[in-house]
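Okay, so chain A shows up in both of these, paired with chain B first and chain C after.
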Partner chain A sequence: MKNLLIICLMLLLSGCVDKEILDDINIEVGVGYDLAEDSKDKYRGTVLFQEFQPDKSVINRTFSGSGKLRQDLLIDVTRQSSEPVVTGGLKVAVFGPKISRQGIYDLIDSFQRDPSIGARVFVVTSEDKAEEVMKGEYGTRGNSTYIYNLIQHNIDNRDIPKTNLHIVSRDYYETGKDTFLPRIKKIADDKVEIIGVSLFDKDKEVEILPLKDLFFFKLLVDKYSKGNFDVKLEKGNFAAVKSIKSKHKIKITDNHASININIEGIIREYTGRKLTSEVVNDVEKKLEKKVERECLKLLKQFQELGIDPVGLGQIKKTQHRKFDYKKWEDEYKTLEFDVKCNVNVEETGIIE
Partner chain B sequence: MKNKRIKEDVEHKEWEKSFIKSKDFKKIFYYNQKTNVRFGLTFMATLIDENIIQDGILPNLLEDEFREIEDIKQLVPVADVQICDDPSLIEQKLMNGYVMLTIETELKHFGFIAAQKEIVRGLSQPEVEFSVIGPKEAFVESMGQNLNLIRKRLPVKELIIEEFTLGSLSKTSVAILYMENITNEDNVDTVRQRLKNVKFDAITDSSYIVQLISDNSNSPFPQLLDTERPDRVAGILAEGKIAIVVDGSPHVLITPTTLVEFFSSFEDYFLNWILSSFFRLIRLFAVAFSILITPIYVATLSYHYELIPKDLMSTLITSRREIPLPPILEALFLELTIELLREAGARLPTKVGQTIGIVGGIVIGTASVEAGLTSNVLLIIVALAALASFTTPVYRMGNTIRLLRFPFLFLAELWGLLGIVFCFCVLLTHLTRLTSLGRPFLEPLYPPRVVDMKDALIRLPFEAQSKRPIFLRTKNPIRFSKKKAKKKKDIDE
Partner chain C sequence: MKEQPIPERLQISPFLVFYMVMSIQIGIGVLGYQRIIAMDAGYDAWISILFAGGCIHVIIWLIYKICDTAGGDIVSAHKYIAGNFIGKALSAIFIGYFILFSLTVLRTFIEVIQVWMFPEISTFWFSFAFMALCVYIIFGGFRTVVGIAFFGLVLPAYLLLTFGWAIKFSNYYNLLPIWDHSIKELLTASYHMSLTFIGFESIIFFYPFIKEPKKSQKWAHLAVLTTTLIYTVLAIITFAYFSEEQLSKQIWASLTMWKIVEMPFVERFEYIGIANWNLIILPNVCISVWIASRLIKRVFNIRQKVGVFFVVAAVLSIINFLDTREKINMLNDSVGKMGFVFNFIYIPLLFAAVMIAKKLKKGKKK
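Moving on, here comes the complex of A and B:
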């Protein structure tokens, strides 16, 4: 009797599960949001789907819709799609220039609430309208894969600090830390490039950090495992420091933040004649000074903007027992910084 | 005189009634040449070796001085000669291949002379449990031969062989073997009791015993291990387990046994411990793979597309694009095809079987992909799963593994990955409850016995195997003294 009941339950309850067979659904892989031109709607969204051809090539297909909520957009898109639209394949979310100025958090929040969306989605801002970015034809593996890989390998090897949906929403909710997102630009119909990092105050974009500052920005907010930087020396010579590993330590006393940055690297290229140990010392010194100067400049800039992407407030909270966030907001305006950098060149290549 | 004989015949009729209907029942009378005593030989022609009668019995009985029945002990050069006066024994003795001797003068006494015809198949290589290294002898159908193979490997008096006769019709001899100084007495008693309780008329193979005496006969898991390798039997007897030899069966049963034993091949003991541990782990992986991979395919494709890596997505979608069936039917279709191939291959003679393999593998596989009935990804998955299920060294367990896939498949279709987890929980509960001869079947995994892990999922070197498995509760748990073994030093000192 008991067994019979279990079998009955199995058969009956199986009706409660939504079935989404892989080839009978349209999987949303990328989404772009812009401000709607029509004033009664809030957003205009562009959803990117991949259509796989029998020879395994990918056709990018975009559907656009508008609405007040993310759900309205999905409803609009479903009306155009031949198969049910599911959101679990989302890899990239792009926010257009106007909407990121106005605030993006209610959209990011809706990503968070959708259980089928993973935490490793890349959220980026764009210089052009997000719809334009979505409608390009990048690479052979589909637009979303292209943008995703572009950002992923720049995080792994280059100057973009680590980011994804999880980190973005954590930064947003954390008191004493502000969000930043990578910023891309469509430069041709088949190319996008990274042009910097958007800095946010709460969920509103306030400043764009250009490419040249990204090295120092990453030193402050993240750690390097495979960095790269060119040092300008006297007499017009250059030295390329590669395989940079960095770590930073931040200590905050009442009105003073001291930031220690440790850099290890290898000299791979030198335009001068002989790479003597004096030159190596020179490279270390020059790099140290440069890092200290630029980082301080960045920190001052953040202070003026009233944002805190480094998370100084959050660090202070971990180091001080009686941390009051309201007080901190005032304190931050007058906080003094000092940046100390220590560069260690471990190797200069196999030619001595 | 004539009347007397008729009367005697009438008396005998009672037990002869059924016998005389059979063509092979022979009753012949002779006169001794010296004493002129008339005597009769009764036997079943199909069961006895006529050469023994012609060369060993008749010449002596005809030519030497033969007066009374007691004389046969001196006259007949056969070791097994008995005289008795109990007519109820006649049937049993005749059926066991004895020749019955009667003399006119002593009607109350019967002489029985053993003249069994022994048809023994020559020793052959083990076919199911073949191993490249190690002995190549396998058990045959004759119990005497099998016992000889085991006894040869354990020539000590402590190896006890107890014999039972089971089956009201088949009268099968069943022997239980154990080491008197090692094996737990309770285990032996349990086996004895269970064998005595067997109620079945014809026991023609040891597989009957497996099903008749196992703890839970409703379980798909075999709870007695059957082997055709005498070295394996000798090995487990030394561990303190019990072997059951059934006459007429080339498979000897081993009990109590554990789940992991079914996935260890005896070849593991012939290889270096690192290699054999590696192979054991591979086999366990193969089992998990074989049971779970098709259900996981069905579950992910039907419910959890989020889990598919983005680079695999295009392969999966393009391979399934033209297929009209949902994943479950597609998977069932292929799984059933493989099962059909296996069943057809097993039923057909070897040479035809090979053709079936080729026909099935190449023609059906490729054709069904081309016809758009199945996706080529699933074809690879199902073929790999089938291959993995054949790595199980014990054939009986391999069948169980193949069966287990189907409930997993159905629940994967009903509930997705949740269904697979549910099915796994049921399976695990079943396994933890299962016992072999009252000893836990999942040991040493559950209940956890770290000491017994040395010969379970991996096999440690022999130096580390100084103790017998503790779940057997042996009388003598120590195989060899570790201290003494350490003291042994090389000669150059």
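Moving on, here comes the complex of A and C:
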């Protein structure tokens, strides 16, 4: 009798919740936001769906809508889409140039509030309108997978510091640290590329770091596991230092920040005649000088802009009890830096 | 007057106390305690968890001393100090406490389901089905309840590992500088751990069901130690993962950490995690309903099966009125406070009373 009752309940109650069958819904995999042209709306958003075809190819389908809130946008899009829209598969969010200047936090907040959106979403800014970026045809696995993988392997192997939705909002809320986002550009209808990093003051973009600074930027804010850098030597020779591992240590006393950067790498390419130990020493010295100079330049630049993507304030907080953030803001304006770099070339490849 | 001892075939082995205590302690509090304690003591709050855990060991010791002296559960202890009638009246209060306890656990869990997974799920029907399951388990007797406690702890234990994903995105220097908060702030945080820690007091209610109860004391201590360590480690991971202001916005920090989990076969791990949490909630509700019904039997001399139906009816009729975040939050807070008062004020008082009664009774015998 009891068993029967429970079986009945199982059968009856299984109908209590709406079901969502993968083939019958549109999963939002990417979204782009721009400022609306119409002044009564705030955003113009473009939602990207992937349609998987029987022959395993992917069709990118975009819908645009506008509104004051992210939900308005979803309502607009739902009106155009043949299937209900769900947000659980979001991977990439792109912000257009104007909107990132105006502030993006309400949108990031809405991503955070939505329980179905993961923390590994990549938030990026774009050089041209986000709608344009969404509307390309990149790769064979769909636009959002393309952009996602593009950023992921540049974080793993190249000069983009670790980032995702969680890290962005963590830095946003952290006292004494500012956010940065990777910046992409659509260069052809089937290509996008990374062109730098957008630096934010709170939630407003204030500066764009070009590609040439990214190596030093990553040395300051993150650690490398597989970096790459070319060193120019005398007589027009070059040496490529690969497999760079880096670590930084920052110590802040009253009005002075000393930054220690430790780099380990191996030389993979050399255009000169013979790679003697003097040359290796020279490479180390040159790289050290270069890192020290460029990092100092970046830190000065951040100071002038009044932003702190390195998180010096946060580091000071962890090193000093009773940290006063108000006081720090003034201190930061006159803070002095010194950057010490130590390069260690461990190997020079399999020939001498 | 000697009470009927529990026959040995209904009793449990001493080591099972470990699972009982742990599985009733770990419930809904663990989903979001990090924010609450970080509000008081910032990122030093993990010290408060260790401190609160330490205090609980003292309380466990007191509980065993009370039960040993009074030779039974809390009802016997009340009778021992205040006689039959007043003793029963005192015990009756705890029926309400455990009904509220099961109500809080169930409603908070349903809220989690509604917010994270299925907004349209019906509170009443879910609780109805859940309660039907609980009634079924409790009708199997105390040993079945203990069995559920065992499985409700062992099967979902793998969930602890899933917090490992967050470690990759953590900054441990967030915790520095250690000891940046006053003792008072740390103590307030310890106090706010109440909701997360309560449940261990259930020993005082099922004490007569333990075979060789003295041997079980070390298991109870071990259980509390393990929960304390789990809470501390989880808090440290959480503090390293979130920045302080960000954490203050996370209602369920533990669940939010699952957002970073990435597995090839599942996009959103929360769905698996929350569904599994059902197993953690089940012994919580079962044990508290069992205790409430057991108290009804002891106090009013009604058959326990009838008592179970009374408790379930009470829970099901109240649960519909708790429909907003504020109300649920209020319920959580008040149960936490009640738990604190019961564990850290009432039990020491009871201990003192029992000790005095023992002295007096010895005096009379002479």
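Just a few scattered comments:
Criterion: the second predicted complex is superposed on the first by the 335 of 352 C-alpha atoms of A that agree within 3 Å, B and C clash if a C-alpha of one lies under 4 Å from a C-alpha of the other, contacts with A are read in each partner's own complex, and residues count from 1 in each chain.
One rule holds in what follows: contacts are C-beta pairs under 8 Å (C-beta built on N, C-alpha and C of every residue); 3 or more make two chains touch, one makes a residue touch a chain.
All values reported here derive from a predicted model rather than from experimental measurement.
Shared-chain residue A:T175: touches chain C; no touch with chain B.
Of the two partner chains placed around the shared chain by superposition, chain B is the only one that A:F52 touches, whereas chain C remains out of contact.
Of the two partner chains placed by the overlay, neither chain B nor chain C lies in contact with A:D128. Contact with chain B, but none with chain C, is seen for A:V86 once the two complexes are overlaid on the shared chain. Look at A:H320: by the touch rule set out above, it reaches chain C but stays clear of chain B.
Contacts of A:T145 after superposition on the shared chain: chain B is touched, whereas chain C is not.
In the superposed pair of complexes, A:G118 makes contact with chain B and with chain C alike.
Shared contact residues on chain A (touching chain B in one structure, chain C in the other): 13, 17-18, 88-89, 116, 118. Those residues of chain A lying in contact with chain C across their complex are 2, 5-6, 9, 13, 16-18, 88-89, 112, 115-120, 162, 164, 166-167, 169-175, 177, 315, 318-322.
Taken together, the chain B residues at the contact with chain A in this complex read 300-303, 305-306, 308, 310-311, 313-318, 320-321, 323, 326-327, 411, 413-416. In the complex of the two chains, the chain A residues touching chain B come out as 10-11, 13-14, 17-23, 25, 27, 29, 50, 52-54, 56, 58, 86, 88-89, 91, 116, 118, 141, 144-145, 148.
Every residue of chain C that touches chain A in the complex is listed here, in rising order: 115-118, 120-122, 125-126, 129, 132-133, 136, 139, 169, 173-174, 176-177, 179-180, 241-246, 249, 256, 259-260, 262, 267-268, 270.
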